[in-house]
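Worksheet for the structure shown next.
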Amino acid sequence: MSEVKVGIIGATGYGGLELIRFLHNHSEVESIELFTSSDAGAIFSSKFGHLVAIQDQPLQEIEIDKLSKFDVVFTSTPSGVTSSLLPPLVGVGPKLIDLSGDYRLKDIRSYEKWYKKTAAPEHIVSESVYGLTEWNAQRIKESNLIANPGCYPTAVLLSILPLIKDRLIDSQNLIIDAKSGVSGAGNKPSQLTHFSEMNENFSIYKINEHQHIPEIEQAIEMFADVQTTISFNTHLVPMTRGILATTYAPILSGVTNKQLNDCLIESYKNHPFVRVVQDVSSLGTNRVKGSNYCDIFVKLDDRTNRATIVGVIDNLVKGAAGQAIQNMNVQFNLPETLGLDVIPLFI
Amino acid sequence: MSEVKVGIIGATGYGGLELIRFLHNHSEVESIELFTSSDAGAIFSSKFGHLVAIQDQPLQEIEIDKLSKFDVVFTSTPSGVTSSLLPPLVGVGPKLIDLSGDYRLKDIRSYEKWYKKTAAPEHIVSESVYGLTEWNAQRIKESNLIANPGCYPTAVLLSILPLIKDRLIDSQNLIIDAKSGVSGAGNKPSQLTHFSEMNENFSIYKINEHQHIPEIEQAIEMFADVQTTISFNTHLVPMTRGILATTYAPILSGVTNKQLNDCLIESYKNHPFVRVVQDVSSLGTNRVKGSNYCDIFVKLDDRTNRATIVGVIDNLVKGAAGQAIQNMNVQFNLPETLGLDVIPLFI
Amino acid sequence: MSEVKVGIIGATGYGGLELIRFLHNHSEVESIELFTSSDAGAIFSSKFGHLVAIQDQPLQEIEIDKLSKFDVVFTSTPSGVTSSLLPPLVGVGPKLIDLSGDYRLKDIRSYEKWYKKTAAPEHIVSESVYGLTEWNAQRIKESNLIANPGCYPTAVLLSILPLIKDRLIDSQNLIIDAKSGVSGAGNKPSQLTHFSEMNENFSIYKINEHQHIPEIEQAIEMFADVQTTISFNTHLVPMTRGILATTYAPILSGVTNKQLNDCLIESYKNHPFVRVVQDVSSLGTNRVKGSNYCDIFVKLDDRTNRATIVGVIDNLVKGAAGQAIQNMNVQFNLPETLGLDVIPLFI
Amino acid sequence: MSEVKVGIIGATGYGGLELIRFLHNHSEVESIELFTSSDAGAIFSSKFGHLVAIQDQPLQEIEIDKLSKFDVVFTSTPSGVTSSLLPPLVGVGPKLIDLSGDYRLKDIRSYEKWYKKTAAPEHIVSESVYGLTEWNAQRIKESNLIANPGCYPTAVLLSILPLIKDRLIDSQNLIIDAKSGVSGAGNKPSQLTHFSEMNENFSIYKINEHQHIPEIEQAIEMFADVQTTISFNTHLVPMTRGILATTYAPILSGVTNKQLNDCLIESYKNHPFVRVVQDVSSLGTNRVKGSNYCDIFVKLDDRTNRATIVGVIDNLVKGAAGQAIQNMNVQFNLPETLGLDVIPLFI
């Protein structure tokens, strides 16, 4: 008995397309309507040939009245849009799940510094709940405004939070080296993402300056109760989907490889989308491609007494649309895996 | 109420992995068991990390007794295996769906010439039904042995058969130029498919000699009732999934572009997986990626009076596992789209 | 003793970058200066990091006076630019080698129809010489205005011209199916060439309408003395460099596979950049990557009495900058291979 | 006046192919002969189609007598081969440049631990000179046995050595996160490097266990006179060529971003192949593709007081064949850039 009516703002972006892809197979979703800031009236499938005969409805203009009637509204827009778009919708009806960065940072001065944009109203930001599902389900269930986590923070936090919380690694010396497929840069063409210049080219970008840095630091404080300053860099991989984040952290005195692994296993034993990988010589993003899984791995390097911690996700799924739907499931008291129980593509 | 018990032989190949991926979300499948000619006893997910916590059963040895109890057995093996493996299973219980080329060619001398292997017993080959679902559903429904079509023939035949059958194009002068992603070459490493040598390298292979030539010619005769000899070549594209086949055919006198398009539209109006694409300046394999769709297109070149006909599929889905499950659905009187109603990935 | 002074207009495009790459190692080139229609004054290497410490000169504004002093000026601009840019430079000093399509089509109405742009002045177009080096060296040597061939025509013409000229294949039924890496689309970002949408996506584009069609037909008439109307389509391969063109042509009565091969071998025995490939089961674009070679192949399909003819080039080298330099060498009575004698990268 | 006679053992590997590619344009090389442990007698271009008409000589069997007559012998073989192959050639004539790992580690117990193979004779290892050209030219000039550096160590060491030597960063807390294109894994097919499984898959491998760890530590001691234990991990990027290594190091008290950059600039001011990159928001491997350049970059993160240090190379050129030829140039008192002065491909 499907009964959730869904509105999607920003349907033409990659996050929006993935929401549509997964909600299509969600047994409790009754209807999906699509909204856009431009191009209202256009038939959606005329813009995206893969959706012909599947999603042939017209794009609608964004109007508060229309949006108020939905059970849930997902916003999948560039940063700097929902800061002004969402406030009129707060409290008027639908649950709101924002996939952008506009409601993640509690400190609005930090938002303005890292995003170089005007922040959302502080009292609304303060109400929003950070949607890292495995770590915040209780508050997500009770909230009407979810700040869905960034792609990099999801891969990083799920892999390191248990180890920090259990005081197995030194949270004051975290070096996080993250790598992402190009879809994370969105659907807008640019010189950087022009095929001939991105293909066969691995690059580092936004060196020391990625806006996900304060998000990760805030979440570490929120969930593991320690303040820290991280080293964090991001790289673009010439592939479309996938994030792999490698974290280096000194272990605290006497901690063993088994303790590190046991901690991860114990932390996620009731969380179907987080899988602790063991006994492998290599692991890659194809383990989770197209799925909502986050695979994590830890190994103690006993030469250096540092732990090597790895998290892999599909940036568009667990790092965006998948986790957003997982949060919707939690908000509506549905099984967390509903609509998301698909096998990774692997190839 | 799930009730189909499934056995898969050749589960470790790419066709087998795709069967597992789609059957996982098939509401009428009760169980899946996996068989292999080597490595029996190994936990399946120990070989394929993406299946950890999803498919952790051991691989079983191939034994006729065990296999007899299934409702359906899929065989997804290299050519030359099921020719001897399947005969003992014919008629003893399960419906059989063979994804290899061993039961496709009715003329076993032709099989032996093109495949350079010993053919299956002629009386069994003659019983098998060619599983091009949209064109053969009635016979598929009644058959216990389906020869699932090859990947190239699926893309080619679905796009050209209506035009040949309705006598709009000259079937005696078909030039078919096909291009495939590398997954069509299977999971066995080779110099040709070694990443460094396949990447950034578009190549033509098996020039004039691909074993799908007689399969296409046989199907044209079977479904459109004309004998013909085709020009057919195959190319490898440095990508994993997808086939695009471009066919050039002279139109018969006076035929218009509208007639060509109307023919395709009319032919497939009741077939949800075949979509007739119109009014585009370009079309690519990402329209169907990861899905069971076959998108087809025709355009009359009035300079040459030849039609340019294009068919695109995901070679592993509509060109293999997806169509096999579609055939299973037909055999079990289930809706054709069951388990296969997923949106293409696009990116 | 280097003595050729070179000017390049359109240095920031991919053709321009390849000119710079090869001219850097050309022993007879004394100097290279770079011109642009925008961004004059900018240090070239500030736009292209790979040229730091190699090409640090400023881009110069396009001025006829300055350009007049060069021995040769290459123009590597989008179509529709040199039609008006070059006329003032004709006859005033430098030899001109135009890499765009503006001077290729002798029939300026045909240019305007296919390119949808205003043609260059007819009397100048009529003076220009088509720079298909292996077929037109004598006229190239005597000309001051070279229309450098398009990328697709180069791969197609070099592979089929000998067979047409020697009347071994039926020139009235040529089906040419061509595939190109994405660099052929130039350096300007677009949705089509956005990494996430081009990657893992093989597509057909400009169906039946590519502007290289009249160029190929004109060259067949020019060099093989027959008028014909070809079927020609183009596809984009998710890789950066390389073109492979597959041509299907009926053989004329009684022609053998040996005759086809002998014809190619004989035609190019004195042409170092065209290699006739024999006895292979597959051939790909990595044979010529980064080099000025054009590898060609022919095989008679005796089931259909059609020849399968294949030509492969690096579209940016033999299909653009490399052939342009080869033409410069001819114009200056230098060895054809000067500056171009490099081994293909292969990987 | 060319006068260096070259022998190459292991010509069929990617390192060997790159040696052939560059030596082809080396003005002082008189001849190149190719040797192999298998397949002697085969025409080289019959194995590598891109070399038809360029390198058509037969492969020769490895015989000490024949090899003795060369001026220089390059060995480009998997590890564990030259440990026994080279000793008979030491001192009998040719200068030896070994591209494998067999002569790099002075501590043969360390070699046997990390490589899990029998080490070369200790007295010969002790004679060998580590061929990091920019740091060891004097000893390279005087040596007849060069241990050419590994690909990862080259990118790492060139970027961090000046900062360690000048005591600007804390050498005791180096975290090095390296990423490589797949060609680094060599030309032998495997499941890991099978196109369908490597494509669109970014992975970490040999976690904490890469054999280049002791090589980097040894070189830091050798050239910067400090002992240290590094954290070092390696990742495979779905592309063919290129290494980017990101190093995180705490700065020593009071060091500024300018000091870090000045140190690099000063260190390499007379070294044409090392370019210090400044003022960029991103940098990638296409800056150096196909060339012998190593581009390096440093930026102080003043939030963490750690320096982010980046080195990029083409792993097959500066990380293998290019540096080997650079070392040959030094040994023969030729200009360092001879045969190597090519512009990166960029695309």
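List of remarks:
To keep things simple, chains are lettered A, B, C and D as they appear, and every chain counts its residues starting from 1.
FYI, a contact is a pair of C-beta atoms (placed from the backbone, for glycine too) under 8 Å apart; a residue touches a chain by one contact, two chains touch by 3 or more.
In UniProt terms, the chains line up like this: A, B, C, D = N-acetyl-gamma-glutamyl-phosphate reductase.
Values in this document were obtained by computation on a predicted structure and should not be read as measured data.
At the interface between chain A and chain B, two copies of one sequence, more than half of the residue numbers in use appear on both sides, so the contact is built from largely the same positions.
Set against the Cα centre of chain A, the chain with the most distant centre is C.
Centre-to-centre separation of chain B and chain C, using mean CA positions: 39 Å. Taking each chain's centre as the mean of its C-alpha atoms, chain C lies 36 Å from chain D.
Along chain D, residues 14, 183, 196-197, 199-200, 238-241, 283, 286, 289, 346-347 each make contact with two or more other chains.
Per the touch definition, chain D reaches chain A in the complex via residues 175, 177, 179, 181, 192, 196-197, 199-208, 213, 229-231, 233, 235-242, 244, 246, 248, 281-286, 289, 297, 299, 301, 303-304, 306, 308, 310, 346-347.
Those residues of chain D that touch chain B in the shared complex are 14, 182-183, 185, 187-191, 193-200, 238-240.
Contact residues on chain D toward chain C in their complex (touch as defined above): 14, 17, 20-21, 24-25, 48-55, 183, 199-200, 240-241, 272, 275, 277, 280, 283, 286-291, 295, 316, 341-347.
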